[in-house]
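Shared between the two complexes below is chain A, which has chain B as its partner in the first and chain C in the second.
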Partner chain A sequence: MIAVVGRRLLALPLILFAVALLVFLLAWASPYDPAEAYVQGAAAGDALTPELREQFERAWGLEDPMPVQFLSWLGRLVQGDLGESRYLSGAPVVDALKDRAYPSLVLLGSALGVVLVGALLAGVAAAAFRDSPLDWLIRTSAYAATFVPSFWVALLAVFVFAVQLDWLPAAGASNLRSVDGGRVEFRHLLLPMLTLALTQHGWFTLYVRDTLLEVLRDDYVRFAEAQGVGRVAVLFRHALPNALIPFVTLIGTHIPELIGGSILIESVFGWPGLGNLTRQAAIAVDIPLLLAIVLVGAVLVVLGNLIADLLYRVIDPRIRESMR
Partner chain B sequence: MPAIEARALSVGFRTERGVVQALSDASFAIERGETLVVIGESGSGKTVLAHALMRLLPRNVTLAGEVDLEGQPLLALPEDEMRRVRGRRMALIPQGAGSALNPVRRVGGLMLEMARVRGLGQGEAREALDGSLRELGLSFQQVAERYPHQLSGGMQQRVVNAMAMVGEPSVVIADEPTHGMDPELVDTTAEQLGMIARRGAALLVITHDLRLAERLGGRTALIYSSYIVELRDTAAFFSQPEHPYGRALLGALPEHGGVAIPGVSPELTQLPRACAFAPRCPARFEPCDEAVPPMFPLPGGGEARCYLHA
Partner chain C sequence: MVRRFGWSTPLVALLALVALVGVACGGDEDGSTGGSADNDGRALVVALTSEPSNLSPVFLDVNAGNWKIFSGLVAFDQDLQLVPDLAAEMPEYSEDGRTVTVRLRQDVTFHDGEPLTSEDVVFTWNAILDTDVATPIRERLALDGLIEGVRAVDEFTVEFTLSRMDPAFMERLYTGIVPAHLLEGEDLNSTSFNREPVGTGPYRFASWVAGDRLVFEAYEDYYGGAPAIKRVVFTFVPDENARAALMGNGEIDFTRMSPRLAENFEANEDVRVVQVPSASMYQLTLPNKHPAISDVRVRQALSMAVNREEMAATLIGPLGQPAYGPFREGHWAYDDSGHVDYDPQGARDLLAEAGWTESDSQGFLLKDGERLTFTILYLASNAEDQEFALALASDFQEIGVDARVEVGSNPGYQDRLDADAFFHGVGMPYDPEYVMRARFHSDYADVAANPAGMANPDVDAALDASRATLDPEERREAFIDLQRALLEDGSYLIIAERPTVVLVSADIEGLVPQMAGSPHAFVRGLSWNLEDWSWK
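What follows is the complex of A and B.
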């Protein structure tokens, strides 16, 4: 086990290097001219004179060949220097990420928790009462949640719960860490968290239901039934642990979806996280900021998959065995 | 009173292609300590018989006839009472011990759970399991902390056999207990099944392994196309079968010349209202095509579903 974790961790820097390269190439290949974007975004009325452009290109090293640009960017990256964000009035990108990471992790983590608990409950219920109206309801809502655009659900949630019912604030969460001493403003968290969970739970719920139904047909489940084991025990002690093994990998592969979903949700609710910052950086064409955010997202995906992969080995004794 | 008795038991499955008649008019009784071996080709209804006795059938099933467990009618029991019966008074030895043991559970935990379902207390369960395992040449301690995949095929088989012995169920049903086993393992399994019967359970063994049937002794029920066509003392059946299908089946064994039976079995969705074997039968005569033959008593004991013995 330890050897496998070690091997996976050794591979991590290589994967991260590849990620950094890809992210850099993406920015390099994008049709935006960094200098132009910078000037257009800055104070209105400025024009990009050839002198100004030359000045920028020299300052940013844009005259160098691409590999040199990449290496110098990578070198600064390793030292924790991600450049300055023009959108944030020249603040270091690293600081912006630090400020925004905490609210995002709170939102993503709590939404993922709600998704997992909700999907397990709904999936088990749907499988246990297969083909009943309850099963139909759960399946239909899971499909609906999967194809309805998340920003629409978010706007609807704002309209109903914030505007009409006035139960929860629509927006206005402060920067959780700097202003509120890091305490989560639960009132503000509730709507974005539930909306994100609602729009993301579909695949999870359907997956739990389908794997469970498959496992319920397995020999060991039928043997337990033949031994007179009760229905609830058959479901939770015999079938569910087996159905959870593939479920864990699904969590890993779904982290990108969750991050993607959070961009829109954070924007609608004005959540002070990375998702919201992504949209703002994209609209402002703030390339250093965008590069950094994409990089962070990619690292989260890689780590998520790593954790899921390791967890998967821990819960399946057959794989645990083969790793000794 | 027999431990288990079936009277005119019929099982059909409603499917899109019509009703599949999986078991027709099966009647037999097994006393405690007695063995009944059910033989027949794949798809003839053997496993359905085993599952029908324990009421482990899917929802699209239609059941007719009666099953009594020590005089208590089973088919009308509510499901949760039936579950208690399954746990405490009947036991199943499944086909393929390896796949019947939950891969993510330790063997000890699995066994204890099953023993507690049988109504044994925690300490009692452990002791009873250890006792059964020791009779089969293992101990509880040897297997408890292991996962099923860490046991050899033979050990897995002993584990499920020991589970079937715990709590002294009245009826033990073994469904293809030697399926996919090498000859050595077949030997020990046959011995262990004999031990289960000697301990006083009524033993019903479903198999398509004729040699296993012969070894187990007791009585043999031969199934053809959902019907029990011959029900007799096992030794007598193997020395001289009375139903033409029985004769043809034994004649198809390599040591008896390996003569294949001409024709094919009828579709279970379209069973004739006549003898199901008649189209392939060398002794076919007029009554065979007129009605399904009942079981006729044989002079030397036992019964055969054939007008030759009317």
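What follows is the complex of A and C.
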């Protein structure tokens, strides 16, 4: 087990290096120009003169050739320095990430919780009442949720629940009038959390349903049924535990989807998290900030997968045996 | 094989996680939701369309005055006339117009308690002129070698030396003053001051939770008297429908809105719909390098073919106003004689005179077997722009011109302006000397500032005359000549005023709109006297 963890953690720097290089290359090849983005952002309609461009490039260290820029960035990273954000007028990138981490973690964590509980309930219900109208409804909604763009669902949610019904706030994470309120309030969290969960639950629900149906066909389940164990007991005591094992790994592999989805959801709901910051950084072509966000995302994905793998081993004795 | 406890562990963990998150975020729900009878200490909540990145006036000129953290040597009053602000009295030009001496008020302190002296003014202006400081403000203020030097004569007197006389120099002095004692030796490009500023304005910086809110508090020692509204909270909501929802349920007090969405609030007693006089105009740029459009008669015909009145009424709504020149009625340089009647038949006659006599099977005009064709580019960031571009193309097709419409990418569209027409909104209420010069003078024909590439001697002469004198009446004459010359040239077809509409809580007193420029963040035209506002 320790060997597995060690191997994964050793691979992490390599993965991060590859990801960083890729982002750098993409930004370099992008037709979007940081200086132009900055000037347009500061005062739309201003023309970027060659002199001004040169001044920006000097201030941001963009005069050097791309490989030199990459290496100098890498050199600072090794010393634990993520650099300064251009979009945030020179603020350290680390501070920007720290500021935004908490609201994002709350949103992602709660949405993941809702996805898992919701998917379990819906998946079990669909499997238990296979081919019934309920099953059909759950499956259809799961497919729809998978293919409908999340920003569209988010805009629709704002329109219906904030604009038309006026039940929930349309934007932000907390009451703007309260002087000492918390950074994240439940009333503000509900809409983005449910929207993110709604657009992400499809795979999980379908997965629970299909695995359950598969397990229900296994010999030991049939054996239990033949012994006279009730249908509910069979489902919950015998089938579900076995169906859940691969489910745990699905969480790990799904983290990138969740992070990606949160960029659009946070932007629509004006959520003060990393997703929103990603969009702002991308529009401003703020490479130091983008790189840092992508690296944090990559670390989360690798760790998520690792934890899922470990959990998998803890839960399923067969895999643990084979590891020895 | 099946172990009882094996499956329950993750499920329990999950439920615990959900419960935990619920507890962690559900704690605080009691924040006052506004609309309470007692407005004492009520925060003014402003929803901006985007988050600023830098609050220092060295980096943002026009917006900076708006933030109300800073004040400049001079300020604009409601009629856009200059009045002294940090200056003790209105500064004056020397005999030759090349020296401006400013005497400062002696009762001004920065928000940290330090007094304002001439050192701060000298530091600020040297920072603006320092090309190691990467800021668009030099371009924005069109400084371009104008200021030769800034020096402190004594503790409260500053002297600016200019390379030439410039009647619009004084206006640039509205730029906010930053404290030398906090910034000396700092790298201005990356100093934390940019996001935690200290100024001399009526409001002081309180906090900024990035991506969430920016909070200002009243500066009780403000030399103009402490503002009545003690707390201003800015939040950032790009989506207009979301801003409308926030306004509708009283969560915000101030936001910009498109005229059409704003109409929904006309019947809402808690909200005032305020139209700010806008110096920004919808404009179609006709490329002078286009072989057919280079003919002035073709440009004139295109101008006559545009039904401005109908466009303003249908595309903007009841607030729509057609426009013919770059100045709005109410601006000191406005001339009301400029007008183009909608005359499609006259346009056809003029095109025939220019040689567009044949037409093809689809009714499009031909000359030497070629159609008169061009593309109208617009940017996707403004929904109205597309509608205007389509309406323009349809009016042009009416007279046999094959005009097409295409969304331009930004950046990228700039490279196409030699051959394609471009539709956008543009304009500032400030001295036309530096606002209009870059837009229309032939010196700027090859840079993006004058995208049509217009080089018209009459336009140049009027602009040159406007900077050759300090006399307001002579300058007004010059700008009237400019408006006539622009109308005759037709490289820039001004179509309609681009309205700036703001929704404001009806609980606020003291609103006196001032003319505004391009509708940006905190709508300067309305918030210019924020320190005089109060709650009912």
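One rule holds in what follows: the second predicted complex is superposed on the first by the 235 of 324 C-alpha atoms of A that agree within 3 Å, B and C clash if a C-alpha of one lies under 4 Å from a C-alpha of the other, contacts with A are read in each partner's own complex, and residues count from 1 in each chain.
Keep in mind that, in the parts below, a contact is a pair of C-beta atoms (placed from the backbone, for glycine too) under 8 Å apart; a residue touches a chain by one contact, two chains touch by 3 or more.
As the structure is a computational prediction, the values presented were derived from the model and not from experiment.
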Would you check which partner chain A:222 touches, where first means chain B only, second means chain C only, and both and neither mean what they say? first
Thinking of the overlay built on chain A, is A:109 touched by chain B (first), by chain C (second), by both, or by neither? second
A:55 in the overlay: touching chain B, chain C, both, or neither? Say first, second, both or neither. second
Would you sort A:79 into first (chain B), second (chain C), both or neither based on which partner it touches? neither
Max touched-residue count on chain A (chain B vs chain C) belongs to chain C
State whether A:230 touches chain B only (first), chain C only (second), both chains, or neither. first
Check whether A:238 is in contact with chain B, with chain C, with both or with neither, and answer first, second, both or neither. both
Examine A:315 and indicate which partner it touches, taking first as chain B and second as chain C; both and neither are also allowed. both
Both chain B and chain C touch chain A at residues 220, 237-238, 241-242, 315, 317
Sites on chain C touched by chain A in the complex: 1-4, 6-11, 14-15, 17-18, 21-22, 24-29, 31-34, 42-43, 45, 47, 50-51, 53-54, 56, 59-63, 131-136, 138-140, 187, 189-192, 194-195, 209-213, 231, 233, 235-239, 241-246, 248-249, 251-252, 410-412, 424, 426, 438, 447-449, 518, 520
Given the complex, residues on chain B that touch chain A span 54, 56, 83-88, 91-92, 94-96, 99-105, 113-114, 117-118, 147, 149-150, 160, 163
Per the contact definition, I'd like the list of chain A residues that touch chain C in the complex. 31-33, 36, 39-49, 51-52, 55-56, 58-60, 84, 87-91, 96, 99-100, 103, 106, 109-110, 112-114, 116-117, 120, 155, 158-159, 162-163, 166, 169-179, 181-187, 189, 220, 237-238, 240-242, 244, 248, 267-273, 276-277, 280, 284, 311, 315, 317
List of chain A residues in touch with chain B within their complex: 218-231, 233, 237-238, 241-242, 245, 315-318, 321
